[in-house]
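In the two complexes that follow, chain A is the common piece, with chain B as its partner first and chain C second.
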Partner chain A sequence: MIEFINFYLIPGITLGSIYALGAVGVSMIFGILRFAHFAHGDLMTVGAYGALSAVWVLGVSPWLAMPFAIGFAVIAALCCDRMFYKPLRDLPTIYTVIASFGVALILRSLIQVLWGTESQVYSSGFQKPLVYFDTIRIASRHVQIISATIVITVALHLFLTYSRAGRCMRAVADDASLARVAGIDTDNIIRWTWVIGAALAAVAGVFVGLDTDVHTNLGWNMLLPMFAAALLGGIGKPLGAITGGLIIGVVEECVSYPFFGESLLSPSYKSAVAFVIMIALLLFRPQGLFRGRLL
Partner chain B sequence: MKLTVLASAVLAIALGSASAYSDEVKVGALMGITGPLANFIPPILNAARLAEKDVNDGGGILGGEKFTLVVVDGQAAAQPSVDAASKLVNLENVAAIMGGLSSGATIASANAVSIPNGVLQVSPTSTSPAMTDMEDNDFLFRIVPSDNYQGQVLAKMVLEEQLSKVAVAYVNNDYGVGIAGTFKAAYESMGGTVTAFEKHEDKKNSYRGELATMASSGAEALVVIAYAGGSGAKIVKQSLENGFFDRFVGTDGLRDDLLIEQIGAEALATTFFSAPTSPDDNPVGEIFHTRFDEEFGEGSDKPFVDQSYDATMLIALAIEKAGTTDRSKVRDALREVANAPGEEVGPGDWKKAVALLADGKDINYEGVSGSHEFDNNGDVAGFIGKFVVDGDSYKQIAIFK
Partner chain C sequence: MSAEGLAFYLIGFLTMGGIYAVLCLALNMQWGFGGLFNAGIAGFYAVGAYTAAILTSAGAASHVGGFDLPIVIGLICAGLLAGITAWGIARVCVRLKADYLAMASIGFAEIIRLVVINEQWLTNGSLGISRIPRPLEMVFSGRQAEIVYVVFVWLLVLLTYVVSQRLSRSPWGLVMRAIRDNDVAADSIGKNVQRFRVEAFVVGSVFMGVAGALSAHYFKFFSPDATEPLLVTFLCWVMLIAGGSGNNRGAIAGALVVWAIWSMTEIITSHLPIEWASRSAYLRMLLIGLFLQVVLQRYRQGLLPERRTTPVQAR
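== the complex of A and B ==
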């Protein structure tokens, strides 16, 4: 049992935290701008490399480099919106979806040109995990990632519930035309969406780098589970996306635990779990756990 | 308006380059520039570039035409490699393809593109046993020995290190499945015990679950058959952190400088690796390595540099021998320039080789990484080295033929 907690559950929650932070942006952009943003994974990558530059140049820890990560990703997101998505906003959303594929390739190629294609780490070597009560072993970076995600979730909840911008965002996600009639400045809301979505993606990207390594396909590889998490939580529901991300991360890690002596599923099928959850959900509960918008 | 100007500029560049490049012989280089093999690529690509330069400095190919490598990125994965190879064959109209690197990339691109289109493909690095028996109409070659052989040598190395019980973690692709299978069979037939044999998917963030299960199987060491940049380095790191294993055995995919960068040399002091290598008493090898380092500053000792040069050079010689870029004639010429008999030519002997071919003589290319005598399956015999960590890179401590 203790093995289950140490080597399946805690890594699962860590992975889930990363999916969760990425999925918030996917869900909000889907809810407010009405399109599936396929470049979101690459915004994560931009964030991870932003932090890497700060680590290299200033020699600070990746945690102190976080503002640089967020800055890089937010600027990238706002520029992409201005240059590629805004001109397409009045056309059917499929144009923007396809454009976001292109943006994903542009971002990744720029990263490859600027930082190279080799994978990098924030710091080399390895650390022994912390041991609690002689049984629970948890890597200190996992403690940090999980607690940071909790703090961010609470902050996000407070922002969406009590700030004016947050309330407007929820209104636009629920019904854009009604919100516009009510006098909400949608352009401003769109900017807020990009800032929050990109900032959280950047944080998630740095977390991936902290947990494993930084490479140019880092975000792209996580895109599918992030979409599954956003759908699971309900489109346009940021807290739903966080719940969805945690569920997918935990399930993905835990399915290979030998519950009944045998592995439930060979570890080589881990990646399929997000697919299966996504398909089952679209069939049986298309509005997601938190009653998001229907696609 | 701005857009129109930009578009016409792009068009002008495209047309301009098209006309400037009409008198050249193009060969594709299918590389995994991004993805799990990214760290291996710069020296491998430099080696291919050096072969390209040798041909052009030696007077060009097919009576003075320019020999050009067209480099594409297959991400060391199946589907992107198929796309990249089909770009080479259908758009760039290459005479032959050098690559891919990972077995999965090579097998997929050969099956979907090279074989149906009748294009010669020579891989410098793909070791999967599955390539031997492919129905390839003789279009697929490689210049490293099959993992049928590396698996046996690895089993021998592991037993020589007094390890009689090991667990095997292998990546679920053509490379991992191939060598893991041959290693297991050879190791067990020599008296070793495989306590756990677990396949895993590339690109995941945590392998702790699988590793915990394997650690409880009573193995003395973990055999990691994976690319360091894909899952290998994470597996080693997570094993060390959690105390699952402290001793590792790796194959060529793990022998990446990246592993030492990420883990540190101290923790890898007892780890050893098997990998295809070049013969150790080859005088042309030393000359080649000096030339390489003069040209690029460093990197001649990196994995698969020799093989990449040889594969590119063999393709160039085959085109010269065929006297045309006709793809099946190039394929037919490859064995003639690579295999004995014939006058021996080596790396950097391009002028001599061209002169011999012009006189109608038979040539036999003896490369940096071996003599490359292709059998009926397009395979070669070769050498496997045993490597250990030395500072921030690797050194070879034994060689098996």
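== the complex of A and C ==
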């Protein structure tokens, strides 16, 4: 049981936190701009490499490099929106989806050209795990990632509930034309969506780097689990996306636990779990757990 | 470069261009005529390639194989198996709307990729399958074999083109376009929208499998690296949109033009200083990504836009 908590549940929650932060952006963009943003994973990568540069140049810890990560990703997102998505906004959304595939490729190859393709780490060396109650051993990076995610979730909740911009965002996600009639500045809301989505993606990207290593496919590999998380939580529901992310992360890690003496699924098929959940949701419950919107 | 070298460079170019043309025509059947957003091309391509590789290669101790079957049988089985896989996927997925279908089809393609990487007994895992034969290898060798193969590939491009052209002008193709443009209207005049979509998805995927088989025979070696979604799925989409979706000749033209851009940038980037040359592949990807954005914003219709087709006249 202790082994289950130490080696499956805690890493699962950590992975889930990363999916959760990425999925918020996917869910909001899907809800407000009405398209599946296939470049969202690569925004994560941009954030991770932004922090990596700060770590290299300034020699600070990855946590202090976070503003650089966020800055890189937000600028990248706003530029891409302006140059590649906005010109297509009046066309059927399918063109924007195709464009976002291209953007994913542009971002990734830019990173590969500028930073190279070898995987990098923020800091090397072994960290002693923290021990609780003599038996529960948790790597300190996991504690940090999970607690930071809790703080961000609370902040996001407060922003969406009490700030004017946050309430407008939810209004647009619920019913765009009604929101426009009510006098909400949609362009401004779209900007806010990109800023928040990209900032959280950047944080998630840095977390991946802290947990494992930084490489150029980092975000792309997380894209489908993030879609699954956004769908599970309901499209356009940011807090739903966080719940969805945690569930997907935990399930993905726990399927290889030997519950009945033998593991349910070989660890090499771990990532298929998210794909299967996503496909099942698309088919049977596209509105997700929290009644998100349907396309 | 000598004239002979240039000629064989051209033959290599045309072979790969032809394989992409088959893929592109296949995607055109799904997206151009049916409006089905298949983002999992690499999955069907992999099914076809591995089927052909396993059935036609000589024996190997490390994985299933050694059937040594003729290449034509390998090709047919590749198409069939890709089609059966597509039928299973299409049965559950084609009713999804465009974005959702894209997500689901990528999901299935990634699952296929995981199977290919992990099931060592079947595919030899990441080591790949080697000693895959080419047609008429007994008779021709070396550079002659290259010429034979390019002819073989383009015969299959022709076959795919004829099938696609006949289909698009048949009553079936007209219904398919009607569904693409307005599925509710097509449903209301009694067309079985779901069934037509499944059929379009399966027919397209059969040819994707054939394209996979063709590239396995061309490379003579096939590993999971060759099913990289960027090089298969993404490039194929850029080709179809640049060439003109809904137009079969456009699909072939798009495949050749984009493949020409891709190959020519290789020549340019190979002259870069050595520290940049290793990153040249990524520079080319960047260029292709930007090229797609330009096409999407300025030339959405593509090189050869779709034309209103007239049905085949009854005689």
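Points worth noting:
Note that in this section the second predicted complex is superposed on the first by the 295 of 295 C-alpha atoms of A that agree within 3 Å, B and C clash if a C-alpha of one lies under 4 Å from a C-alpha of the other, contacts with A are read in each partner's own complex, and residues count from 1 in each chain.
Rule of thumb we're sticking to: contacts are C-beta pairs under 8 Å (C-beta built on N, C-alpha and C of every residue); 3 or more make two chains touch, one makes a residue touch a chain.
Everything quoted here is computed from the prediction, not taken from an experiment.
Clashing of chain B with chain C is the outcome of superposition onto chain A. Judged by the touch definition given at the top, the superposed model places A:Arg167 against neither chain B nor chain C. With both structures placed on the common chain, the touch criterion links A:Gln112 to chain B and to chain C.
In the superposed pair of complexes, A:Arg89 makes contact with neither chain B nor chain C. Once the two complexes are overlaid on the shared chain, A:Pro129 sits against chain B while remaining clear of chain C.
Contacts of A:Asn217 after superposition: chain B is touched, whereas chain C is not reached. Touch criterion met: A:Ala36 reaches chain C, while chain B stays clear of it.
Legend: residue contacts after superposition of the two complexes on their common chain; A:Ser266 is shown touching both chain B and chain C. Contact with chain B, but none with chain C, is seen for A:Val121 once the two complexes are overlaid on the shared chain. In the superposition on chain A, contact is made by A:Ser256 with chain B only, not with chain C.
Residues 108, 112, 117, 266, 268-269, 271 of chain A touch chain B in one complex and chain C in the other.
Chain contact summary for the complex, chain C toward chain A: residues 37, 39, 92-93, 96-100, 102-104, 106-108, 110-111, 114, 117-118, 230, 234, 237-238, 241, 279, 282-283, 285-286, 288-290, 292-293, 296-297, 300.
Note for the complex: chain B touches chain A at residues 33-35, 38-39, 41, 75, 172, 198-201, 203-213, 229, 233-234, 237, 240-243, 258, 261-264, 267. By the touch criterion given at the top, residues 3, 6-8, 11-12, 14-15, 18, 108, 112, 117-119, 121, 124-129, 137, 139, 208, 211-213, 215-217, 221, 253-254, 256-258, 263, 266-271 of chain A touch chain B in their complex.
In the complex of the two chains, the chain A residues touching chain C come out as 30, 35-36, 38, 83-84, 87-88, 91, 93-95, 97-99, 101-103, 105-106, 108-110, 112-113, 116-117, 224, 227, 266, 268-269, 271-272, 275-276, 278-279, 282-283, 286, 295.
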